[in-house]
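Two complexes come next, and they have one chain in common, subunit A, joined by subunit B in the first and subunit C in the second.
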Partner chain A sequence: MPPTLIDITGQWQYLLAEMVLVGGGIVAMIVDLLLPRRNKSVVGYFSLAIVLAAITVVAVQMGRHVGGYLQFQYVGATGWKNTVVVDLFAQLMSLIMLVGALFVLVMDVYDWRGRQGYEGESYYLILFATTGALLMANSADLITLFIGMELLSLPSYVLAGLHRQNVKSNEAGLKYFLYGGLATAAILYGMSFLYGLSGTTDLVAMPSAIASQLPNERLFFDIAFAFLLLGLGFKMAVVPFHMWAPDVYEGAPTPVTAYLSVVSKVAGFAMATRVLIVPFLPVVAESTTAAHTGLPLVTILAIVAVLSMLGGNAAALRQRNAKRLFAYSSIAQAGYVLVGLAAMPGQSAATAGSMVFYLAVYALMNVGAFVTIEWVTRAAGDESLAAFAGLGRRSPWMAFAFTVCLLSLGGFPITAGFWGKFFLFSFAVNAQLSWLAYAGMVLSVISFVYYFRFIRQMYFVRPATAETLQVDAGNTVVLALCTVGVLFFGIVPNVLMGPAQAVGASFLSMLNAVP
Partner chain B sequence: MIDFFSQPTNLWFVVIAFLTLIASLGVVAGEKVMHLALNLGGSFAGVAALFVLLQSPFLAIAQVLIYVGAILVMILFGLMLTGAHATEPTGVETGKKVTVATAVIVLTALTIWGVYGSAGRWPVVPSGLDTSLTALGQALYGHWGVAFEAASTLLLAALVGAIVVSRREDDEA
Partner chain C sequence: MDGLLAVSWLVPFLPLLAFALLTLFGSRLGQGAAWLSILFTGVAAVLAVLLLSPASTYLQDQQHPYQWGFSWLQIGSVTVSLGVSLTGLNLLMLPIVSVIALLVQVYAVGYMHGDARYPRFFAYMSLFTGSMLALVVSPNFLQLYIFWEMVGLCSYLLIGFWYQRSQAAKAAKKAFIVTRIGDVGLLVAIFLIFAATGSFEFSAVIQAVQSRQLGGGFVTAIALLIFLGAAGKSAQFPLHVWLPDAMEGPTPVSALIHAATMVAAGVYLVALTFPIFAASAAAMQVVAWIGAISAFLAATIALAQTDFKRVIAYSTISQLGYMMLGLGVGSITAGMFHLTTHAVFKALLFLAVGAVIHEADTQELDEVSGLWGKMKITAITFFIGALALSGIPPFAGFWSKDGILAAVVSQGNWGLAVLGFLTVLLTAFYIWRIGFRLFFGEQRAPHGYEKVHEAPLMMMVPMGLLALGAIGTGFFGGNISRLLGSGAVPEAGWGVAILATVLALVGIGAAFLTYLRPGFGEAAVARLLGPVWIAFKRKYWIDEGYQAGVVRPTLALAAGVRQADGNIIDTAVESVGAAPGAIGEGVARAQTGRAQTYLAVGTIAVVLLVIVSVIGGSR
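Showing the complex of A and B:
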C-alpha cells in the first residue's frame, strides 16, 4: 500500500512546531481582518503566543528524546524518508531561530506603536517566514530545503520594504528581492547539478552516489559547489556575496533587520551545513589524495571566511550609522561561523558543536544589541552613533546590557562570545587550518575598535538630553534575557557546549546513516 | 559526437533546445515588453516539448496549460491593462557591463567545457521510469507531502506579500 497523506498521520507529530506556526499564521491573518486599525497589536500578542507554543513543542520533543536521540532519525521508512529530518541538530537550530523570532516579535510590537501601515501583516509574515526557517533546518532533501528557503525569503523581501512611506525601506525591499531572486536561481542551478550527478535529491544517499561518479565528473562538482556557495553565501551574507546587506539592514524596519541578521542567518547556516558539506564529503576526501585535479573546496570556504572577517570588520570601521555598522558587523560574525564550516569536513563532532554554540550565542548578543539600537535610535530620531551619547547616564542598565552584548560580539573574555570564538578557532587549529584561526583572532581584535566607539559614546560623551529612556516591559525582559544569557554562558560555557556537542554528534551520524 | 546524433531523440533534443534557447535569449535581450512576453511563450512551449522527449507527457500538458495558457495570458493581460509599452532605459556603466560579461563568459565556458567533456556518459532519456499519473500523484502526496504543503504555505505568504507590495495605502493616494 503506497503512503498517502492520510496514512502517514503519525509522522506529522515531527512537524508539530511548523504546523503550529502555519496554523497560527492563518488564524492571525483572519483575526487581523476582523480587527479595527488601532488594535492590530492584538495580532502581535497572538503571534507571540504562537511562537511560544512552538518553542514549547520543540523543547518538549527535545527533552523527550535526550540520550537516545543522537542518531540520525528517519521519519517513516516508507513515507517522507529524509524530506523531514528530526535530529538534535535540527531541533537546537529550530530552538535558536524560534527564540530569535520571539524576541523580534516583541521588538516589532513596540516598533509599530505610533506608526500606520501593515502592522498585522508584519506579524504573520514573520510567522510564515519562521516556518520556512525551521524547514531549512528540518530537512535533508534538496526539494524540501529549497521550498523552506523560499518560504523564508519571500516574506522577508516584503518585510524589508514594509515601511511604505520610507524611501530607504522601499529600496531595501526591492534590493533584497532582486539580489535574493538571483541567489535563489544560483542555488537551484547548483542543486540541479547535484541531482544530475547523483540521481537523487536525498542528501543522505548523495555521498555514496557521488563517490562513484567522482573520477569522471569532477568539474561538475566544482560548478555545483560554486553555485551553491554563491546562493547560500548570499543568504548567510558573507563576502563577496554581501553587497545587499548594508543597504537592506539600514533601510528595513529595525525589528526586521534583527530578524534578517539572526533568524535568516542561522537558517542559512543550518542549510549550508547540510548542503555545502554532506554531498561534497567524497570530493573533499579525494582532494586530500595526491591525484586530485579540482578546486580545493575547503580552502575556498576558508578564503571566504577570511574575506568576510576582513571585509566586514574593515568596512564597519568607517560607518557612522548604527544599523549599517551592524550590517558589516554581522558580515564579520558570519565569517567567524564560516571558520567552523570550513573546519567541518572530516572533523570531530565538536566542530559542528562549536558552530551551533556560536550561532546560539550570536543570536542572543545580536538581538540584545538590536533591541538597544531600536530604542535609542527611535527616541533620538537619529541612527548615527551620536544618538548613543551619554546613554550610560540616561539609562545605566540599558547601557550596561548593550556593553555586555558589544563586548561579547567582539569576543571579550568572560562573555559567551569569547568562548564561541575560542571553540571555533581551536577546532580550526585541530583541522590543520591554523592560519585561518590566527587570521580570525587578529581580525576580531579590529572589531573592538568599532564596538568601543559605542561604549565611548555611552560613557564618555555628554548626552544631548538628560531625559531617561523609558523601555516597555517586553523589551526590558528581552534585553535582560539576552544579557543574562551572554554572561551566563560566558561563565559556564559547558552548559551550552555539552548539548552543542551532542548536536554535532547527531549531525555527524547523518553522514554515517545508511540510505 | 556522431553516435550522439544517430539517435533520433537526441537530434530532436538539440533542435528543441536550440529553439528554446533562442526564445529565452529573446526574453533577455529584447526591447519591447510585448516581444518579451511572446518570446517567453516560445520558451515555455520549448520546455513543454522537452518534457515530451523526457517521456513525461503529463508534465508537458501541465506546462502548456499553466505556463503558456495561464501565466502568459496573465502577463499579456497585465500589459494590456497597464499599457506598459515603454522600453527600459539601459543606463549601465561600461565597467559594470565588462564585469558582468566576463563573469557570464567564464561561467558559460566552464559549463560548456564540462558538458562537452561528459558527452555520451550521461543518459539523455531516463529508462524504466514510471511516469504515470498514479505514480506522480503518489510521489507528490506521499514522499513529497511536506514539500507540497510547504509550497502551498509559500503561495499563501506570496499572495499576502503581493497585496502588501501593490496595494495603495490611504495616505499615499
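Showing the complex of A and C:
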C-alpha cells in the first residue's frame, strides 16, 4: 500500500529553517554595513547563532510525519505542485549540511582574525549558500531544485575568491565560476529534456509519467541523463568532471574549501539522488527486462565511481600540498558515495540509508581534517605536508584527533568511516554490483598510503619548532565533536544507522507514493 | 562454575580497559604504568586458564560452545552481535595469548627501562593484547575482522615505536600496507559470505558449507580469499616481506606480536574456518603448498642473514609455513599443536636474543660473539629454545613438528614431504649457526666485551619460565587434541620421527663444523654454494621485485594521473582542436589557460555518452 502524500499547503513552518537562514542572512548583511571594520566578527557570531537556530528547527521537526509526505503548493498557482517534500531524507541531509555549515563558520571566524577583507560578506554568504543547499535536499520539483542550486552556487563562487590579495584565491573564484556556469547550463538543459518528456517538473509524479513515454523516447532520456550527469558530476566533483576541484580547493580560503568539500558536496549528492536517480528508475527498470538499446545507466554511474576512486586516490599519492591532497581525497570519497548512488536503483531503501550514513560521517571526518589543516598550515605559513612535522609532540590531542579523522577517511575499523564504507559496499553487493564493491575495497587500500603520510609526519618526524599550537575554544570544540562523533559512530554505528535506514525506507516510499 | 563463564568477556575487556586507563593517566603513572598493564593482563591470563575446565565441560555437555553477547548493529533484518564464543579452538588460544603477553610484559619492564615513552609502550601492549583476545573470542566474522585490523594497527604502532630510526617508520608502513592487501581478501570473502548466506556467524556459514548449500567454485573462492588474509597476517609467501622488516620494533614486540601471537592469527583463522577449506580440495592444496614453500624459502633465507634478529624472523615465517602445511594436509590438531609449542619456544628465542641486544646493543652477528663467558643463563635458555625449534626430542618442537610431518607423510604427497623434511635440516643449521656464533668464538661486543653482563632479573624470570615451557608443552598434545575435538595428533610410526631427528642432528652437526671448527667457516659455505648463497642472502630479490613490479608502477600511475590533470589532456585537447574557446575565452586567458581544458574534458565525456546513446539507439 503506497503512502498518500499529505497536502499541507500553507503550513509554512516546514520551510522555517530556510526562512531563518535567509532572514538571518539579510539581517547580517545590514548589520555588516553598520559595523566598523574591526568589529566584523560580530556578524560571524550572529551567523553562528542563526545556524544554531536553524539546526534547532530541523532537529525539532526531525521525524515528524514519517511515512507521509507533506507538500507545499504555490498558493493560488495551478499546475505547479510539490514544491517541497518533507521527508526524513531531506531532514537528515539538512541536518548534516547545517552542522557542516556551523563548523565551517567557527573556522571562518578564526580565519579572518588578522586578515583584511570582506569578513562580514563571508559570513552571510555562507548563510545564503546554506539556504540553497537545504532547498537542494528537500525539494522534489525541478524548478525549486534549480533555484536552490543557484542559491548555493553563486555565493560559493564569491566565497572562493574572497581573499582578494591572494592571487590563487582570485583564480579559484574565477575558475569555480566558469565551471559552475557550465554545470548549471548542463543541468538546466538536462532538466528541460525531463520536462519535455514527462510534461511535469514534479519529481513525485515524474516516474509514472516517464514510464508511459519510455518505449518511444529512450534516446532523449539518455541525453537528459548525460547532461544531468555532467552538471551534477561537477557539483559532486567526480572524475572526469573533477578537474576544477584541486585548483579551487587549493586556492580558496581553507574554511571555504571545507565548505565546498562538505556542504556543497552533500548538497550535490542530495540533488543527484532526486534528479539523477528518481526520474530514471523506470528507465533502469525497463533496461533490466526489455531488450533495450539505450545507455546502461547504472553501469555508467558505476564507472564514474571507479574512475573517481582510482583517479582521486592515485593522484593524491603524489601531492605535497595538504589542501590539494585533500581535494583528491574528496574526489575519492565522492567515488565511494557514488557506489551507493549506483546501487540505488537496485536496492533503493537500504542504499539511500547507507549513503546518508556515509555523508554524515564524511562531514564529521572531513571537517575535523580541515580544522587541523587550517590551524597547522596557518601557523606554519606553509601548506605542504612538512607543516605537520612533529605535531604529535607539539599538540598531542590535535594530532590524535587528526589521526582519528584520517583513519576514518581510510575506512579503518572502530571509526565511523569503516562502517560507512562497509554499509555502502555491502548494499552494492546486494544490488548485484559486487564488482564495484570489491573495486572500492581494493582502491581504498591506496588511500592509506597518503593518509599515513600525515600520520608519519605527525609522529615520526621531528618538529621544526617546539612551539605548541594554541587552538581557540570554538575550534577545539568543533574538532573534539568531530573526533568524538567519528569514534562514537564507529563503536556504536547503530545509533546513526537506525535513523539512516529509516531514511531509506521513507525515501523509497516517496517513489511509490500517490501524488 | 557457570559464574566463571559469565565473566569470560573480562578476558579481552581487562587489557582493553588497561589501555584506556594508560592512555588517560599513563604519563602520571610513570613506571607504575607497567604494573597496571601487567596486573590487568595477569588477571586476564588467570581467568583464561581457569576457564579451560568449565568451558570445555560446557562444550561437551551442551554440544555447542558457550556464547555471550549483545546486539550491536542491525543491517536490514540481520542482527550482528558483539560478544564471546568459547569453542575448543579459542579456549586453546586464550591462555597462549594471555600468558605469553603477560610474560613478555614482565620482560619489557626490564627491557624498556628508561625509555622516554615507557607508559605509551605498555598502553600499546595492552591494546594489542586486548584486541588479540577479542579477535580470538569473536563469534562472527565482523567482530573478527574489526579486531583483526586493530591488531594490525597495534603492530604498526609498535613497529614504529622507535620512530627516531627512519627504518622503523618505513617498516611500520610497509607492514601495515602489505597486511592490508591480505585484509582486502578477507573482507571480500566476508562480503561474499554475507551475500550468499545472509549471516556473519561462523556457525551459520560453516553449516551452509557443510550442507552443500554453496557451490564448489564459490567455496574455493571464499577459501582462497580468506587464505589471502591469513597469508598476509601470518607472513606467508609471497606476502611475507613485511615481517623481517618489522624487527625494527622493540624486541618484546617482536616476541609477542611478530612471533607468538598476532602472526599466528592467520593460522588460527584457517583453523577456525577449516570446514570451508575442507570443502575444497584445491584450496587445501594451495594452503599446503604455500605453507611448505614458505617454510622452505624462509629457512634458506635465514641461513645467510647476518642480522640475528632477522634470522629468527625468517624462522617465524618458516614455522608458520609448517603450521599452514599441517592445516593444508588436513590436520587442525597438528597445526594448532605446533602453533602452541612454537608460541612458547619462539617467544623464548626472541627474549633470549633480546637480552643479547639489550646488553650488546647490536643485532649484527659480525659485531658480537663469544658471549658464553658473560651470559651463561641467556645462552642456556637460548639453546633450550634452539633444541625445541630444531625438533630434538623431548623438547616441545619435536612433538608438534613430528605431528605435521606425519600428517604430510600419511597423505602421501612426496613433494610436500621433501620440502618439509629438508626444512628440518635447514632449521637446525640456521638456529645453531646463531647460537654458536653468538655465544662462542672470539669474545667481542661493540661497546666493549667487559661491559656485557646478564640482563636484569625482570628479564630473566620470563625467559626461565618460557624455557620450562619449551621443554614441557610438547607433552600436552593429547590434551590439545581432546580440547579441539579434531582428532589425535597424527602419527606415522618411528620412521618419520627418526628421520626428522637425524636430519636435525645433521643440521646441528653441520653448523658445529662450520662455525666452531677452525679452518672452515661461512666464507667457505658461501664459496661452495656460489650464486645460490647470494640468492639466499639477497632474499631471492623479492623485495626488489615488489619495488619494480608493484610500488613503482603505482607511483607511475599516480604521476600519470597527476600529469593527466595537467599537461597530457591539455595537449590532447588542444591537438584535437576541440572548441572550448567560445566559453569565456577572454577571461580564461588571463588565468592559467587550463580552464578551457577542464571544461572540455567534462564536455567531451558527455558528448561521447550522447554519441554512444545515439548510435546505440539507432541499432
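FYI, the second predicted complex is superposed on the first by the 483 of 515 C-alpha atoms of A that agree within 3 Å, B and C clash if a C-alpha of one lies under 4 Å from a C-alpha of the other, contacts with A are read in each partner's own complex, and residues count from 1 in each chain.
We adopt the following convention: contacts are C-beta pairs under 8 Å (C-beta built on N, C-alpha and C of every residue); 3 or more make two chains touch, one makes a residue touch a chain.
What you see is a predicted model; the values in this text were computed from it and never measured.
Judged by the touch definition given at the top, the superposed model places A:Ala437 against subunit C, while subunit B stays out of reach. Looking at the shared chain after the overlay, A:Ala314 reaches subunit C, while subunit B stays out of its contact range.
Considering which of subunit B and subunit C touches more of subunit A, the answer is C.
In the superposed pair of complexes, A:Tyr157 makes contact with subunit B only, with no contact to subunit C. When the two structures are aligned on the shared chain, A:Leu219 is found in touch with subunit B and with subunit C. Of the two partner chains placed around the shared chain by superposition, subunit B is the only one that A:Val84 touches, whereas subunit C remains out of contact. By the touch criterion stated above, A:Leu178 is placed in contact with subunit C alone, subunit B being left untouched.
Shared-chain residue A:Phe412: touches subunit C; no touch with subunit B.
Once the two complexes are overlaid on the shared chain, A:Val477 sits clear of subunit B and of subunit C alike. Contact with neither subunit B nor subunit C is seen for A:Ile30 once the two complexes are overlaid on the shared chain. When both complexes are aligned on chain A by C-alpha atoms, subunit A residues 219, 223 touch subunit B in the first and subunit C in the second.
The touching residues of subunit B, counted against subunit A in their complex, run 110-111, 113-114, 117-118, 121-122, 138, 141-147, 150-151, 153-154, 156-158, 160-161, 164-165, 169, 171-172.
Looking at the complex, you find that subunit C touches subunit A at residues 72-76, 145-147, 149-150, 153, 160, 163, 168-169, 173, 176-177, 180-181, 184, 187-188, 191-192, 194-195, 554-555, 557-562, 565, 583-584, 587-588, 591-592, 594-595, 597-599, 601-603, 605-606, 609-610, 612-614, 616-617, 619. By the touch criterion stated above, subunit A contacts subunit C in their complex at residues 171, 174-175, 178-179, 181-182, 186, 218-219, 222-223, 225-227, 229-230, 233-234, 240-241, 243-244, 246-247, 293-295, 300, 310-311, 314-319, 350, 407, 412-414, 418-419, 423, 425-426, 429-430, 434, 437-438, 441-442, 445-446, 448-449, 452, 456, 459-460, 492-494, 497-498, 501.
Those residues of subunit A whose C-beta lies close enough to touch subunit B in the complex are 2-5, 8, 15, 22, 26, 29, 79-81, 83-84, 116-118, 121, 124-125, 128-129, 131-132, 135, 139, 141, 143-144, 147-148, 150-151, 154-155, 157-158, 161-162, 164-165, 173, 196, 216-217, 219-220, 223.
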